[in-house]
Every structure is written in structure tokens, then in C-alpha cells.
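In what follows, structures are represented as C-alpha cells.
Look at the two complexes coming up: chain A is in both, with chain B in one and chain C in the other.
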Partner chain A sequence: MKMLRKIHRMFKLHRIFIKQDLKKLMEYKIDFLTGAIGMLLTQAINIFFLSVIFARIPNLEGYSFEQIIFIYGFALLPKSIDHLFFDNLWAIGHFIIRKGDFDKYLTRPVSTLFAVTVEKFQVDAFGELVVGIMLLGYSVPKIAVSINFVNVILFVVAIFFATFIYTGVKLITSAIAFWTKRSGNITYMFYMINDFAKYPTTIYNRVVRTVITYIVPFAFTAFFPASYFITGGNVWYNIGGTVVMAVVLMAVGIFVWNKGVSAYESAGS
Partner chain B sequence: MIYVENLKKEFKKTIKDPGLKGSIKSFFKPQNEIITAVKDISFHVPKGEILGFIGPNGAGKSTVIKMLTGILTPTSGRCEINGKIPYKNRKNYVKEIGVVFGQRTQLWWDLALRETYTVLKEIYEVDDESFKTRMAFLNEVLELEDFITNPVRTLSLGQRMRADIAASLLHSPKVLFLDEPTIGLDVVVKDNIRKAIKAINAEKNTTVILTTHDLKDVENLCDRIVMIDKGSKVFDGDISDLKSRFGESRELNFVPENIDIIKTLDYKNEFKLSDDDFELSDNGVEVNVRFNSNKVSVEKMLNYTLSKTHVKDINVTDADIEEIIKGIYRSEVNLDA
Partner chain C sequence: MRKVFKIYRPFTHAGVLIAAQYRANFFFFILGDILRCFINYFLWHAVFTSGGEKTFAGFSETDMVVYIFISFLTSVIAYSDGSYAVGEEIRDGNIAMRMIKPIRFDLAFLFQELGERLITVTLIFAPMMLGVEIYKFVVTGVIGFNIVNFILYLFSLILAYLITFYFNVCYGYSAFILKNLWGANFLKDCIVGFLSGGVIPLAFLPPVVAVTLNLLPFASQTYIPVMMYVGMFDVPTIIYSFALQIFWLIFFIILQQIIWNACVKRMSVQGG
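Coming up: the complex of A and B.
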């Protein structure tokens, strides 16, 4: 009962800020449109290059163009959902801690992590989300993905946990700022590794493959879960791995975050 | 209510040689230095008191406030407020306190002020009924009505400060911490804020701890002051204490019929006063004599002055608290006296 009330309260707060950020979107139309167009262009160019490559080769390491598009589209979903809800973690590493603005979260009777993330709903991420859905819509009918109840559930589970792989990586790296005052670039460095996750890991050499599978496990945000849906094989590794990686990263992230909060030194005022 | 015992806070600071070279060197071979911001502070505040926490810039006021509000973890010592230890079980503790930092807002930049209070209502789990009566009260003492629909980023500093104070009080905290609540405000707004703080304190017997550089705040509001300097407490008592302990200095002001008379006034030799105990100045019309009333009584000063000259006007004033504090900050006043 108490738990339910807590969740209800969380949603209520989310709603207020989401409404606010949508309102802001109307206020700063040009800014939003420019951002959205830029993002669309980036994705369009990436897809264009993929199609150019595939015009010359029949398949890539055994993957057809449509299968690659499926993996690519799948990768965009957790990335954009994380982007939508947990974007404010970037600000932690860039300036919130350095400027001492973290003080205000500590004077509120809610978890600092919730207070930080709830106050920003990153509408820009809608672009990626829409592109991701479009790419899945295009590729799913062309590849042999069986759409059934179990697969739909597994799809939702995979996207949900894959999102927290992104969030976990951001959480751990931005919490470093509690000690170093600034860690935005560390977050950036690790976060950008996600670019590798949009393609089959089998196309990379052993070093890259090991890094994106076990160290910064972005392969579990796209290639592994997506290949379950493509091949129907090894659900425990492909989907289970995603769940395990997400849980581990979030657990480490929350641990580091909490340690960081007690090491927080504020800033002079 | 509030117990602070031997509170201490140290910060680690990296020492760097100047320039890029220094930065690179410190990156590979960091050298740390321990800075003690708060040395050893103890005090106790009973419920319902307004305590002024004063001291020069960099004395450690904000650091103490941040430890009391659970933002910083003390290096050693302890503080207990309402029977709770701030940095342990933080979430539970902060429900009972309100915090305002005058230097930076705690509100959300883009939210309309009204929305801000809705968010805080949810965060602090204030029920609808108390929220309504609370808002009505805060509206009355802080006059939020004029700008409650505006986004926070458009508020003037005075409005923002009122909004911030209201935000800190929505959940009827038992203790209110105000870190420089009147900084940068004009005289009228300052006055309104002081009245509001008084009203808030009177309403629910809320304990208030405030830091300030404006001594009018202290004189108007505070039952007691704790003064700190370089991380240590240098005074703890009420304002009359401060005056009687350090305030032996008096000012005699008079307007003589003929200003040239001052040449014949020789207080120094008459009463054998040293430079520390005596100072004379004039602005061409009025003469101002500052003297130590322990060394020479007010009566003697007046008698001597009136025996030498006719005056159009004369008065003796108490030591200005500002003067006393300035003296303490500059360590002119002997604190062991």
C-alpha cells in the first residue's frame, strides 16, 4: 500500500515535469525543430551508407540488409528511452556537482537520484524513438521474426532492461564527479561506445567484441537481444544477458552514487 | 532542539603550481593539503529561538549550515536536530526542516511558481487541506499572489527570495535554515522579509537559524547570536551581552556654537586617554568624540564638554553593534576580557 502510494507519487511528479517540458517545446519551436531535423539527418545518412554498402555486397557476416536495419532500429529504442528519462545525469558530471547545485537535491525528502532525473524530460529523444520504431516497422515484415505472445513480452523485457544498461553506464561515470568534481567527458567516452552496438558484434575484432560484451556491455542493448528475435536462438544468453547486465550495472551505479553523495563537498557560496 | 558538539569539517585540496605545467604535474603527482573549514564548534539552540549566525566571509558559516542540513558529512563531532542526525537517515530528517540559500534558488527554473508548489506538495506529501491553509498563510506574509503564475526564471531577486522562503515552509518544518536571506535586496524588500520571518517564527514557534552580513537583520530578528571566525566560535550570547561585553565604546556628538572651540578641547590630557580609547573628528559643524566609557565616565565627558563650550545640540549614543562586530572581525577587541 505504502509502496503503491510512493509509485503513484513518482508518476505524479513525472507528469508535472513532462507537461512542463512539452510546454517548453512549444515555446522554443525553432530549437526543437533544428534538433529534430539534425538528428533525422544523422540517422538518414547512416542508413544511406548501409544501403550503399549492401548494394555492393549481398550480406555482412551472414546478415542481410533488413536484419542489419532491425538491429539498428532495435538499438535506437533503449537509447532513446534512456535519453528521454535519464538525460539529467549528463548535467551531474558536467556542472551540477562542480557548481554545488547538488545541494538542493539533498534537502529534499526523496532519493537524490530520483530528484535529479525526474526534473528533466528530454523531448529531443522522441526523434530517435520515432526513427527506431520506423526502422523496426520496415524490417520486421521482411525478416522471419515470429510475432507471438512470448516474443512480445520478451521484446518489452529486453527493451526495458537494455534501457538500464545505458542508464547504468551514465550513472556510474557521472557519479565519479562526486570525487573529481567533473566527469562529463568520462561519461561521454564510455557512452559513445554504444555506436558499436548498432551492428553485429561479429564484424569486430576480439578486443572491441570483448569490450562491448563484458566491459561496457552495449552489445546487450541491441545485437544480442535483436539476434534472439532474428534467429530465435539462445534466449537465456541473448535476453537473460541483457537483464543480468542491466541489474549489475544499476546495482554498481547506485552503490557508487550513494558513496559519492556522502563524499560530496558542495561548493563555496 | 538543536545540539552541536565539537563539529569539525576538513576539505582536501589539491595543491597546484601555477600554469599548465603545474596542472600537468599535479595530474601525475597530486599533492593534497587538508583545509579545516570548521575547527571545533559547539552550541545549542532551544525551540522557537531565532539564532543569528554571523561571521566574516570565509568564516565557515555556510559549511556549518550545510552540515546541519545534511548536505555535508562532518569530519568529526556531532550535531543533533529534533533528535535526528542530519547526515544519517537524510530523507527522514529533511522532512522536518526548511532550507533557503539566498545565493542560489532551489526552485525549478522553468516551472511556473504555482507548479513549483504543486511539485513540493507531492515531494513532501502535504495533504490537500494543509496545503490550502499553508498557501493562504504564506501568501499573506510573503505576498506571492502577484507573481505566482510566472515562471521562476522571470522573477526579480526580491520575488524569488520570497518564493524560495515560501517553498521552504510549505511542509511546516520545525526548523528553518536561512543562509543569507536578505542578500542583494533593497531596503523595502529586506524589511518585508524580516517581517515575514518574524511572523513565521511566531506562527508555529519555528526555530530559525539565519546567517547574514546585514546586522540590521540581527538587531531586528535575533534572540541570540553565535559569531564564528576562521572556523571557531568567538561569541555566543544575546545582543545586549555583546554590547555590555565589548561595547564600552560610546559616541558623544555635539554641535558647538563656534566650531573653532575644538582647539581648546583637550580630552586626551584631561582624562589621560590613549589613542585606542579616544578619537575625535568633526565635519565643520558637528563634533564626534568616540571614547571608552570604562576609562572615563559619560558624566565626566559631558561635564567637561559643557564647561568648555555652549552647544546647540548634544547627545551620547551607545556603541553601534556594527562597530563592535567590525572590531571583533579585525580582532581589535580582546575576546578574553
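Coming up: the complex of A and C.
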């Protein structure tokens, strides 16, 4: 009961913060619009790039154009959802700790991690989210994905946990800043690995495949879960792997974060 | 000319100091960005294996790999912060301080950025060039380094940087009217990245589109220098391309001057 009330309170707070961010957004409408168009265009160009490639080859390592688009679109969903809700973690590594601004979260009557993430609702992410949904809408009817109750549930589960793979990577790397004052560039380096997940891992060599499967497991945010929906096989590895990786990364992330908060010394005076 | 260098050298020095301060930061960001080249490398490798053909639009697999890495290197070196820096100065009103000094606005920026560039170039130019040449040697078995192409590339690269710089300064001036924010710059980078051949060689596009894009200034920013390095231009095309680059450079220098003169007359500084 107490737990429920706590969760209810968190959601209520979250709503209030989102409302604040939407107000800010209305202030900078044009900036948001140009940014969102930019995001849309970036993805459109990438899709165009793929279509130019596919005009010259029948398939890519056995994957058809529609299947590649499905994996690509799938990859955008967890990425954009993480971007939408947990974007403020970037700011931790870039400047919040360095400038000593982290102090204010320590005074809040909620956990620091919650206070940090809830502060920013990154609406730019809608650009990618919309593209992801559009690409799935285009590709799903053209490939043999069976749409049934179990698959819909598995889809939601996969997207949910895949989102936390992104968040986990950002959490661990940005928490390093508690000791080093600054880790935004480290977060960036690890985060960029997610781009590998947009294509079938079979195109990479063994080193890359091992890294994106077991070390920075972005392959579980897109290729593995998506290939379950394409082939219908190996649900335990493809979807289960996503769940396990997300839980492990988040557990490590929260552990490192809490260690970091206790090691945190405010910067400046 | 010597006088110009004497006046603006302190800006270069300041630029070097700024860049030196952030070099570790820069290094990590570049590492993150280079990953994208490797993705493209594997993607194209798969394309050439799946396609069964030796060349696409005149590119062999080796050419394509060289193109991916050299176009990345070119876009990093020829990158200019101009539009952001100018826009920022206009928004916070610092531009007023520049106006009362007896120096040229564009040159002060240019020399500062050259200073910042110096460190970038020393950090990544040699390692990446070497990497590409070693790759070529491993794949083809012969040393493919062509000194003529390399020199042509260097000249073209310098022109590309200057075009990019002046283009960005012009774009930055739009902040006088638009009060540019993050979105406008992001959109610009995205469009320019594509039009300059940074995503895909322009030769892969339909002929009509490719010819048009070749004429635009964006091709002069990345595509032309890279094609010189890959060695896919014949002599008339090389001469023509240099002429085109020089034309665009002069065009943007003059345009920059015109906008600057016009803006100074009608500017209002926010909170200045």
C-alpha cells in the first residue's frame, strides 16, 4: 500500500514536470519545429541511403529491404523513448556535476536519480519516435510478422526493456562524473555504439559482434528482438536477452549511481 | 599580407589555447564519431559481398572504404563553428564589442578557428591518412599512395575549409533576423551533410541530381576534395572543380561582406 502511494506520487510529480517542459516548449516553438524537422530529415536521408543501396543489390546478407527497414524502425523506438524521458542524464556528465549544480537534487525529498531524470522531458525525441512508428507501419505489412496477442505483448516488453538498455548505458557512464567531475564525452563514445544496432549483426566481424552483444549490448535493443519478430524463432534468447541485459545494466547503473552520490563532493565554493 | 598575420596572430594563439584545454574531450567525441565510419565500412562490405559486382557507380570496394574515411576526415577538418559562434555573439550582444575594434570581424573569427583547427588536424590527420593507406596496402598488396592526388587533395581541402567557414559566417548572420537557436543549426548541418556527399557519394545519385548537386557550393565542401584523393577525377574535371571551388569561395566572401554591411546598419543588440 505504501509502495503504491509512493508510485502514485512519483507519477503525479512526473506529470507536473512534463507540463512545465511543455510550457517551455511553447516559448521556443520555432526552435522545436526546426529541430524536429532536422531529426525527421536525418532519418529520411538514412532511409534514402538504404534505398539507393538496395536499388543495386537484391538483398543484404539475406535480408530484404523491408526487413532492414523493420530493424531500423524498431531501433528508433527504444532510443527515442529513452531520449524522451532520460535525456537529463547527459547533462549530469556534461555540466551539472562540474558546476556543482547537483547539490540541489540532494535537497529534494525524492531519490536523486528520480529528481534528475524527471527534470527534463525532451520533446525533440518525438521526431525519431514518429519516424520509428512510420517505418514499422510501412514494413510490418510487407514482411511475414504474425500479429497476435502474444506477439503484441512481447513487442511491448521488448521495447520497454530495450529502452532501459539505453538508459543503463547512460546511467553507468554519466555516474562516472561523480568521481571525475565530467564524463559526457565517455557517455557519448559508448552511446554512439547504438548505431551498430540498426543493421543485422551478421554484417559485422566477430569483434564488433561480441562487443555489441555482450559488452555494450545494443544489439539487444534492435537486431535480436526484431529478428524474433521477423523469423519467429528463439524467443528466449532474442527477447529474454533484452530483458536480462536491461536488468543487469540498470542494476549496475543504480549501484554505481548510489556509490557516486555518496562520493560526490560539490564543486566550487 | 604580413601585416594581416601580425594583427591576427593573437587570435590564432587564443584558439590554440582553447583547443588544448579541450583536447581530451575532443578525442572522445571523435572516437564516437569514427564508429559511424566503421558501421558504413561493414555495411558497404556486406553490399559488395551481396551484390556480386566488382564496382558500383565506378567505385570498387577499396575506393568506397577510402571514400568513407577520407570524407569523414574532410568533414571534420573542414568543419566550421562559424554559424554557431556568430549567432551566439549576436544573441548575447558581444558583437557590439567587436564592432568598436579596428579589426575585421570575419578575419578575427577565421584566425581564432585556425588556431583551434591546428590541434584537431595534428590529432587526427596523420593517423587516419596512415590507416587508410595501410588498409589499401593490405587489400591490394601494392602501395597505392599517390603524391599528386594527395597534394591536389590538400589544396582542395584548404579551399573547402574556407568555403565552409564563409558559408557558415553568412548563415550565422541570419541570427540578426532569426535569432538562431539550436534547431536551425541542427537542420543546416543535416542538409549540408547530405548535399556535400557526406552520406553517400554524389555519383550514386540519379545523373540529373548528381550534376546539379555538383554545381552547388556544398559539393565543394566535402565531395570534391575527397574525389581528388580517391583519384577518380580526370584532368579537365580537376581543373573545372578547382575553378568551381574558387568561384564559391569568392562568392561567399563577397556575400559575407554585403550582409555584414547591411546588418551593421539595421542591427539591434539584445540587452546590449
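Going forward, the second predicted complex is superposed on the first by the 269 of 269 C-alpha atoms of A that agree within 3 Å, B and C clash if a C-alpha of one lies under 4 Å from a C-alpha of the other, contacts with A are read in each partner's own complex, and residues count from 1 in each chain.
Going forward, contacts are C-beta pairs under 8 Å (C-beta built on N, C-alpha and C of every residue); 3 or more make two chains touch, one makes a residue touch a chain.
Here the structure is a predicted model, which is why all the values come from computation and not from measurement.
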After the chain A overlay, clash or fit between chain B and chain C? fit
Touched chain A residues, chain B compared with chain C: C
Give one of first, second, both or neither to describe whether A:Arg56 is in contact with chain B, with chain C, with both, or with none. second
Pick one for A:Lys2: touches chain B only (first), chain C only (second), both, or neither. neither
Just chain B (first), just chain C (second), both, or neither: which does A:Arg206 touch? neither
Check whether A:Lys24 is in contact with chain B, with chain C, with both or with neither, and answer first, second, both or neither. first
Just checking: does A:Val110 make contact with chain B only, chain C only, both, or neither of them? Give me first, second, both or neither. first
Treating the CA centre of chain A as the corner point, state the angle out to chain B and chain C, nearest 10°. 90
When the two structures are overlaid on chain A, which partner does A:Ser266 contact: first (chain B), second (chain C), both, or neither? first
Please state the minimum Cα-Cα separation between chain B and chain C in the superposed model, rounded to the nearest whole Å. 6
State which residues of chain A lie in both footprints, the one left by chain B and the one left by chain C. none
Would you pull the chain C residues touching chain A in the complex into a rising list? 24-25, 27-29, 31-33, 35-36, 38-39, 42-43, 45-47, 49-51, 53, 56, 181-184, 186-187, 189-191, 193-194, 199-200, 204-205
Quick one: which bits of chain A touch chain C in the complex? Just the residue numbers, please. 28, 30-39, 41-42, 45-46, 49, 52-53, 56-61, 185-186, 188-189, 191-193, 195-196, 198-199, 203-205, 208
For a test of understanding, state which residues of chain A touch chain B in their complex under the given definition. 9, 12-13, 16-17, 20, 24, 100-101, 103-104, 106-111, 115, 119, 262, 264-266, 268-269
Mind pulling up the chain B residues that touch chain A in the complex? 11, 62, 66, 69-73, 87, 90-92, 94-95, 97, 99, 101, 103-104, 106, 108, 110-111, 115, 118-119, 122-125, 179
